[in-house]
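Please read the structure below before turning to the comments.
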């Protein structure tokens, strides 16, 4: 039973410490989500319930790991950005990757009913993940732009494709053929001329994906400023965004004021902090 | 919007292909499960519901990945063993690791109610994971023995500790002090003389952990042999086990007959296959 | 001047410890040796002086590192095989790789004049190197066969090519065209019918490359057995070789008797050991 | 003989591509140079011949690889800095590391006689090497400062130690004891008060190490500016150095004018370029 006789096998574990002073990005992707979304009757081309569940799961992750600067999600993927000097788990790649991946996955299952109340989860879904390092701010910004350019391209295509199928009565094959070789302008025109749809009026969450940021909120009810995670759909492809958020990539504690709408995610935090504040008042009385 | 301008960032992803011809082990561990088990009123020192949920989640993983030879679990950890020539996901480490980790995690949440019917899950749990390579059969067997020696040592300690606390009315600190410096024989004696507990009669699942193996089952109802995953509590520290299972580490398709009890996990497979067989009969009629 | 202020940069060095219990192969290749061999008037297609210098440099490396089981060289490349449980330099990849590479390179320059007495070295040559792990004996044997099959294929081609050019008065382009699409039998026939050359009679060092092995030599002059490194041109593609050398891949200390010819490399060791023995006799008298 | 049967072993080579957009540092260290320097009667504590040979070997490396921004050497070590966007050898770590290591080593042996004319090289020396990435300019500058702070600390110690031994007739053990616990000021005082040595007057090469940089030289004889590699002993611990050389870490082609002394290394380049220019004039006439 001598454990020590076998303990040598622990030496086969290899050190996977990540290079210091570089931004760590963890990106998760749904495994076989094409099938999963069909099995669960996701609305085409975008299912707001599914996207909100993704956002809420990412919010659960961000709430737990203070070293995460932000997160960005679209479709069935989510990226999490650690501050460049994070020493969480001594920067061990597998530990960081699996912890984020697991927490996100379990949140997705745990909160399913919050968003899909009449659509029961049929089987456990899975997400795979990867971990990438970016040594410069420019590289990281380009990463964020890359993912957002991706959602733009895909969403315009998907919106047009599914409009052709669902409203235009084309078969998927016909719709695919119709769109073959078209550029963005062509797709905008099809939507507008044939279906009277102005793509610009589509929901921001569909067109831009969702960015989770740490900001400060002046709250009247609480009579003070509180640190919150906000879910926004900003255009990261515009340089103005990066100018306004110049310290986004360096500070986990953000003093940037948030002045946007009170989203569900934000409201939950306000209510929670108000409740805690109230309890403290009661205790102190 | 040119996606291609930013696509260069994809080149920062690093190749993590694992060495060929070596056994790949993925080991998952519950994150902060000490607190998690308290928050969910786990029985001390072992909660059969919790262990069965772990086993069932691992069974869900094994059912999905044919390249997995077996799995072994104890306490809040589970190890999955890929066959040494697996080319699943081109042997990319992060992909293998996160997919197993995510599927296990989501199964744990998804099947929670199956085992904890009166104990609602309060928040999403997380598991971290690591991936290790073993180049020789001897190394891999020693890995399995290492994990099983670990459960033996820990379980005897925990059983004695909690008996002292729950039945002996010692405080945790007193129990810890009492056990300080004791060897296995001492603990067996405390259990037997003071509490009339014969450690040998403790449930095998507690003492040995659970091994998931692929075997063949002769089923009378079906009138044929079927491939199944069985959950057993074999003693891998004995050489006889490895002699009887000589091709366990090389073949994913096992022709070893299973002749043990029909466990819940096994029963589920028999019922499922019987149902499929019945449907096929009905279709062919 | 506080060194400690800057010492943090040491943390950017990454652990490159190699997986235990696997054979470590270091393979070196001459950098731009096509040009180097022309600049130094190497005989075509094989220059015995150049090959002997390669062998001697490899012998210098093998003499210094006891954890090396053997080495195999052909053309401008040399492979060094560490025993699978070597812990030299804690199995750090860069350290092992560069030390072997550097020692080989400096030996090549240092011993140049020993083999090229009338051909001065014009500039410092360079070798690049790589490090590869093989988890099983079969993989390692196949590695050795791969390198030797390579020398066979290349040398038959080169011998025929240069015979066509040097004796057949074809231009290199004409010779290349002539050989395009030919198989081994064709080349053998060209050599035999057109130039009366029996390829089988070509020097073994050209056809088989050189293998450096550790063996035991019964030496009459010394009146005892001595451990030596021998340079042989065995056929590793034949299974008989591996049967006769069954412990070659596991033992650094070889008790296999050597009964081949006394090569220069071997003679040097005999003379050296005889000299040491003589000195010891003189001291003890 | 089918090579393809064995070629699968090539798949065991693992990708070692380095993260893009980061400075690659290759640092070489003499292996057992304590013994090597004794065996070759190096002057203590510094041997100008040995240091010049190191510098000249590094100069040979820098001349060959245009992607190297600079190199810095002291004692028996040398660091080579690649520009951060270098794609040489596709950034493969082992290839970069061994090529630099091998070229440096062979130069060291090849040019030995140029510096040690009356001291024959007794055996081939070896250097080991490592490769490190630095993601930011600050990290890289701190690396350079780290190495230079190291030479300062060591050289002051060694100078005092060897003065005590060679001029003060202390045994090495006595000298070591004498210096135990002393700070810089103490050592300076020992040198000055006891031996009338002003440490500030020691050669710059001993106190500062040698930096190889690419600069532009206005040459009257050639009547034009030429790109040269200069060997200087600048103080990199001073911020003024980095201000004056602000583009040192980003540009391989430097337009900074060099106005220092004509060193041997520099003179060799001027003579060589003058010779080439003269030949071109003769050809064109």
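The letters A, B, C and D name the chains in turn, as written, and every chain counts its residues from 1.
Please note the rule applied: a residue touches a chain if its C-beta (ideal position, glycine included) is under 8 Å from a C-beta of that chain, and two chains touch if they have at least 3 such contacts.
Bear in mind the structure is a predicted one, so any value in this text is a computation, not a measurement.
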item	value
Shared chain contacts [chain B and chain D, defined touch]	A, C
Selected pair, greater C-beta contact count between B-C and C-D	C-D
Whole-Å separation of chain centres (CA-atom averages), chain C against chain D	31
Between chain A and chain C, centroid-to-centroid distance (C-alpha), Å	55
Centre distance in Å when chain B and chain C are each reduced to the mean of their C-alpha atoms	48
Residues within chain A bordering two or more other chains	12, 14, 19-21, 133, 139
Graph class of chain-chain contacts, one of line, ring, star, complete, other	complete
Of all residues in chain C, those that touch chain B in their complex	19-22, 133, 135-136, 139
Chain A-facing residues of chain B, complex	1-3, 5-10, 12-14, 28, 31, 60, 93-95, 97-99, 101-103, 105-111, 121, 123-134, 139, 142-143, 145-146, 149-150, 152-153, 184, 237
In the complex with chain D, residue positions of chain B that touch it	11-12, 14-15, 17, 19-21
